[in-house]
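The following block contains the structure, expressed as structure tokens.
In order of appearance the chains are A, B, C, D and E, and numbering begins at 1 in each one.
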Amino acid sequence: EDSIYVPLFTYRTGPYAGSGIPIANGMEDYFAMLNERDGGIGGVKIDYDECETGYNTQKGVECYESVKAKNPVVITPYSTGITLQVIPKASVDRIPVLSMAYGLSAAAIGKTFPWIFNAPDTYWDGASAIIKDIARREGGLDGLKGKKIGYIFLDAGYGREPIPLLEDLAKKYGFEMTQYPVAGKEMQNQSSQWLNVRRDRPDYMIMWGWGAMNPTAVKEATKIRYSMDKFYGVWWSGGNDDAAAGGMAAKGFRTLNFNGVGKDYPVIQDIKKYVVDAGKSQVEPAKFADNLYNRGVYNAMLIAEGIRSAQEHSGKKVVTAEDVRNGLEVMNLDEKRIADMGMKDFMAPLKMSCEDHNGHGPLYIVEWDGKDWQKSGEWFEPMTDVVQPLLEAAADEYVKSNAPWPERDVPCAK
Amino acid sequence: MTSQTIQAHREAHAEAPAETILALNNIEVIYDRVILVLKGVSLTVPKGGIVALLGANGAGKTTTLKAISNLLRAERGDVTKGNIRFHGKEVQALSPNELVRRGCIQVMEGRHCFGHLTIEENLLTGAYTRKDGAGAIRTNLEMVYSYFPRLRERRSSQAGYTSGGEQQMCAIGRALMSKPDMILLDEPSMGLAPQLVEEIFEIVKELNSQQGVSFLLAEQNTNVALKYATYGYILEAGRIVLDGAASALRENEDVKEFYLGVAGEGRRSFKSVKHYKRRKRWLA
Amino acid sequence: MLYREAGQFKTTYEADQAIFPLRQDRIGIAVIAALAFVVVPLTATDFFLTSIMTPFLIFALAAIGLNVLTGYAGQLSLGTGAFMGVGAYSAYKLTSIFPDANIIVVLLASGFFSAAIGVAFGLPSLRIKGLYLAVTTLAAQFFLEWCFIRIPWLYNYNASGAIEISQREMAGIVVTGPAAAPLTQYFIVLCVTVGLTWFVSNLIRGRIGRQWMMIRDMDIAAELIGVRPLTAKLSAFAVSSYLCGVAGAMMVFFWLGAAEPSAFAISLSFQVLFMTILGGLGSLIGSYMGAAFIWILPVALRVVLPSLGFDVAAETVQHLTSMIVGALIIFFLITEPHGLARLWQLTKEKLKVWPFPYG
Amino acid sequence: MLYDIFVDPFVQMAAQPDFLLQVLWEGFVAGILYALIALGFVLIFKASGVFNFAQGIMVVFAALTLVGLHEHGVPAYLALILAIAVMGLLAYTVERVVMRPLVNQPEIILLMATIGMTYFLVGFGEFVFGGEPKSMITEELGLPTGSTAFQIGERGLLILQHIDIAAAVIAIIMVAGLGIFFNKTRIGRALRAVADDHQAALSVGISLNQIWAIVWFAAGIVALATGIMWGARSDVSFALEIIAFKALPVLILGGFTSIPGAIVGGLVIGFGEKIGEIYWGPLVGGGIESWLAYIIALIFLLFRPQGMFGERIIERV
Amino acid sequence: MNVHVDTAAPAPTRSKGEVLLKIDNVSLYFGGVKAITNISFDIMKGEIRAIIGPNGAGKTSMLNVINGFYHPQVGTITWRGEVRRKMKPFEAASQGIARTFQNVALFKGMTTLDNIMSGRTLAMRRNFLWQLIRFGPALEEEIAHRRRVEEIIDFLEIEHIRKTPVGRLPYGLQKRVELGRALAMEPELLLLDEPMAGMNLEEKEDMSRFIVDVNEQFGTTIALIEHDMGVVMDLSDRVVVLDYGKKIADGAPDEVKSNQDVIDAYLGVAH
């Protein structure tokens, strides 16, 4: 029987399992729902399958090698480290990689990375969006002058990536940026960093955290009585458990988001109906449709839409990796399609192209009300103009240091 | 085994009085699951007896003692055959501490003092299984100190820093602290000054006659051992090759030649041994 | 009756000191070599090569490196991961400074950097011993890890903070980068590992190896016999870190293809330590066995468990794997505390006396 | 440059004494928490010469049991008692299955066995409790959660978390209790004897089985206490396992066998780390905490190779 | 059976009279413990010098002082006519002082052969790179030394345990291996700390023979600690007696044997 093979690299074990589990559940359930409700995509069942990485790069390579033989149409590595390893391999093996809002930011440049997609936003988009929101609250970009913004981050490639952009913006808008690195091993031991925060009294705090770093930071922030509504996190700091650790005291903590929160979307209701209530989901009832779960749904939707658009583009039912690559490149999720998917308000329109493998889609802020995330404010665009040059430079740099990096040899999908 | 020695053996067993405190029956020991060391050793220690276990290096004396006290397992050795009875009950399955509680303690070869504990603490650990109160233990400690005045002088030094002989005294004293019925002594005289060697055996005799403690001693110093022991076994390559009353053994020609060094004309000078001796074995 | 010394007389000391004095052992080794050099390349799938054989060999080399230090010289180290990292980063820097250099030369040269760092962190071993020494090596581990993150020069100021290996050729054959055939990479790793193992086995059997073991078994006595603790310990640190460095470089160049600093985290140190101990301290063959056990077993379990018809979730496989590996570690230690190598040796001893139970 | 290193930090300290106090308090709390982890190691090391690598996972396991039981509707205090019972069962099992067959083996082998245990417990723990983080049931256990702020001088402020105070109190009680237990009873002496020489200890009639079961149980309880305290600071997840590394420099500084050493070592590291990170860290871009503790311990060891209270390494021929 | 050990040089005759090592007024304390107080004596070239005394008298400590493991607080040590200052143990070894230990200090993880080979460490020269390839000169050197070691193995009659890890050997054989290791160093001065403890008579006789042979054939000077008076009296040329860290007698065996102080402190009864 025909089916399309979609391997999902997930991590339900190891120190980051707390974030990995809801995402994995969200992805699985969305595909399960498509298979149940629509009989797959375009009538072809999705054969999805988890490969456990434990967020560990060694196992990531193993997963890649083991799924490669089964003709996957797209790879979702779900770890920056694994993404970095997979990028060159997949480019040669001609398998598209979809690293949703993580991984290598420069991969947004389609000219250089024909096989890699990282919609809907890069970390630089995220950093710029937070600055933009702060500026909005300070009455415009001029209001940033003289402000002090603290940046607390996981001391690894992931957390260090936004620094050049933030430094650029600091110079440009006259605010001061102070850095508070948190070593991976010290994720749960941040009192020094927050003591420093207390001393420096930054006007705003931005966090690039992951795993156990998030709840610890939120708790420490409440401990030093930092005003939580001045404390921003990137989208990966927006797990429900992350904020819940601070309880009511964490009220006001806010993170970027690009997927809807809550259950009030037709798509979520369908998942509930076809999968969760049917007992086919691994998700605990209390954690159904929490923020990271919904993000998993969003991620699965991107894959599914890539396949759907590949089917349209190629006219085939059972698409190949090449087709899906094309499909992703021409994917256009407009309001209409969003509504068709039952995702109105769940997501913003997204369009990728041959040059732009990211989309730099609109984002919005969610705020913790002590119990759950609440949408706060409207969707807004990141500062794509400041981000784009950085992306291009980074792509050039990548090409240079990975010489001989192959020229793009696939035609633009039209 | 020659039929003659087997015969002697049987008789020894037959004669053994009802109150045998320790009896080994056809023990076989294997180390590491491949190295066969004891090939069927049987011996008995009568209650209140002092039995010497003699034999060359590597004959298996230490192994025999460890098999009795159940310390073999810690060296990856196993008793694969035979049985051991202490006070008439089989004890192979007991843990070493249970055996100590029942009154059988071993002084290990090579001292094995607790290096980081002081001499006094070492002695006190010997009384670990005792339940008869601090006072009794104190008295016992004084007794040990009176046996070994040197230990009293060094009571607060860490055992690891004391001299070899001091450690040996400490190891013996420690065993005495448990108030045992039966002591397995492995080379007690090793590294002790001559007058101390005599003293140690005097202590053995005293404990034996006054408190009825039984002894099984593995000893290289055959002279002294046979002087104090009542009965002796000679072990060669994992087998008992000769046994008999100590007095009889002392008169045995082979024992005289190989263990006592008195072949006919009296003691030889160590310097005058001009040829290396081919070892004569009872078993080839 | 098959495995016997009997009838094999050695007439020279050379013969007696050969690595494999027994004919049966030599035959065994020849079979293994044939497997490694002929059968595997002919039959293996890409998955088998990239996910099993290549990492296994790399880990075996790292385990040998650690074995030199811990197994032979008796100095416990928890910094293996970082020393592997030093090798990887120096190889990376060397390739970017000398883009045309032969990759094998670069690999072998990179080991010298980790050797130098290893010696520096080995200095305290002259005073600090046993478990306490672990702190020195841990200091090395965490300090170096911090350097890998904080010195952007090391990763050529990449935005991703990781090192990425580009395509390199040797004699017209692509050896690194995504386009390299797994078979090529396997061959290089195999040759380097086997070659270095041979060197190490030479060292071990000679004066230097004996000095290490003397220091390990009883450092005071060794000194009283004339071993300089300084030279003996530091040479062990140097050789060990060299091997680990080369293994680290190969890990990135021929296996992972790219690496973040977290690839060289403490967990890697432990992974290698497990291999070394479980294989058998002080045994080169043991290092191979340990690497096979710790690396191949989990992979095999992950592949095998689901295919046995257990329809279990991916994470359950992982949980089971972890439990099984843990239980097996304990089981093997109880059966033979001195590692798989000793287990193997005992089996051979049993074979020698077979069909009799003991000798 | 020299000014930045040698003068400026002190100027800062003097300029904001309230902040310095806060730093010291945090150092104190961190030190106490480090000491708690180290204590678990010390117990087992003292009694068997085993460096228990599994202490970290025991912390996670104990805390997860507690929280997991509570999630299933068991009342908090009952869950606490059950968690203690589970640690007792674990101690018994470890003694039976791991320690007993490995008596008299070199320390590195025993270390390896505890690593095997770690693997097993990680798999088992995730299998039973799942990998998601859970919040500590601080309030349900009756532990205080608020904080008190003290006004110092005009603008100064010192914030003390009640949970931190509770942690300190619990740690001190545990240390005192264990200290008395091990120093004033004959078991204490027996423990040290066992650590020196398993075989000799057996030969004098010390029951290794019993002793080991006791200390592993004690270490399990310490692990539970550690888990509750650390869990209250962040949450209970398998990531907590890595905090065990924090205990290493503490142990080494204090000496592997000393209970007071664990406390003093913990405090030295706690204070040193916080002060170093806050006043000197910025000079190199911060985040030096990950290795500072090791460097402190290393420097210290160069002068005293057996740690502060450790037993002298006996060298004699 | 006659064991023949070939040495390049013909067996030198005992040239007594030349002082090889001189201990002057040496004192050694450990905190409050006075291990050695004010001891002076000398060792002449080619002699067998016994050191005896009750347990804890300071005999082992004396040897430790001689080969640099302890550094005395007071006093001087003159070795081959030169005053020695704080010599490191490995330097003492390289100047020809070898020893055996009271508590056997063999390298437990190594075989008998390797243990004895380890005594040749100082004599081996080939550098790291040669060692690495173990070919040509390196192998030749190794083989040459192996030959010497085999002679010692032969001499000590331990051929059958050549490849056995020493940890598994019974005590007496371990002592013999240890002697072999010391001999392999071809020392000028050999320090033996209770080499016969734990041996039976037969083995003691063998060991005595080895010691006398070493002394006679290689002209090695020997300092011997032993509690077996028979051995000491028979073998040694001169005896120094220590008690509580002090020297109480020094002289020929017969003199010492009848010295009342010695009888009181050590012998118990006259031998």
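The criterion applied here is as follows: a residue touches a chain if its C-beta (ideal position, glycine included) is under 8 Å from a C-beta of that chain, and two chains touch if they have at least 3 such contacts.
As the structure is a computational prediction, the values presented were derived from the model and not from experiment.
*Asks:* If you tally contacting C-beta pairs, which pair wins, A-C or B-D?
*Replies:* Greater number of contacting C-beta pairs: A-C.
*Asks:* Considering only mean CA positions as chain centres, point out the chain farthest from subunit B.
*Replies:* The most remote chain is A.
*Asks:* Measuring centre to centre with C-alpha atoms, which chain is farthest from subunit D?
*Replies:* Looking at centroid distances, E is the chain farthest away.
*Asks:* Need the CA-centroid distance for the pair subunit A / subunit B, whole Å please.
*Replies:* Between these chains, centre-to-centre, one finds 75 Å.
*Asks:* Rounded to a whole Å, what is the gap between the Cα centroids of subunit D and subunit E?
*Replies:* 49
*Asks:* Distance from the CA centroid of subunit C to that of subunit D, rounded to the nearest Å?
*Replies:* 32
*Asks:* Where in subunit B do residues touch two or more of the other chains?
*Replies:* Within subunit B, residues 35, 161 contact more than one other chain.
*Asks:* Can you tell me which residues of subunit E touch two or more of the remaining chains?
*Replies:* Within subunit E, the residues that touch at least two other chains are 60, 69, 101-103, 105.
*Asks:* Can you tell me which residues of subunit C touch two or more of the remaining chains?
*Replies:* Counting only residues that touch two or more other chains, subunit C contributes 142, 146, 220-221, 224, 266, 315, 318-319, 322.
*Asks:* Taking the touch rule as given, give the residues of subunit C at its contact with subunit A in the complex, in rising order.
*Replies:* 45-47, 50-51, 55, 96, 99, 142, 146, 149, 156-162, 164-167, 177-179, 255-263, 265-267, 299, 302-303, 313-315, 317-319, 322
*Asks:* Looking at the complex, which residues from subunit C come into contact with subunit D?
*Replies:* Per the stated touch rule, the residues are 70, 76, 124, 127-132, 134-136, 138-139, 142-143, 145-146, 150, 220-221, 224, 266, 270, 273-274, 277-278, 281, 315-316, 318-330, 333-334, 337-338.
*Asks:* How about subunit C: which of its residues touch subunit E in the complex?
*Replies:* Interface residues on subunit C, with respect to subunit E: 13-14, 17, 199, 202-203, 205-208, 210-211, 213-214, 216-218, 220-229, 235, 282.
*Asks:* Tell me, which parts of subunit E touch subunit B in their complex?
*Replies:* Contact set of subunit E toward subunit B: 1-3, 30, 33, 53-57, 59-60, 102-103, 157, 168-173, 194, 197-206, 208-209, 212, 227-231, 234-235, 266-269, 271.
*Asks:* Provide the residue numbers of subunit D that touch subunit B in the complex, in ascending order.
*Replies:* Going through subunit D, the ones touching subunit B are 103-104, 186, 189-190, 192-193, 195-209, 311-312, 314, 316.
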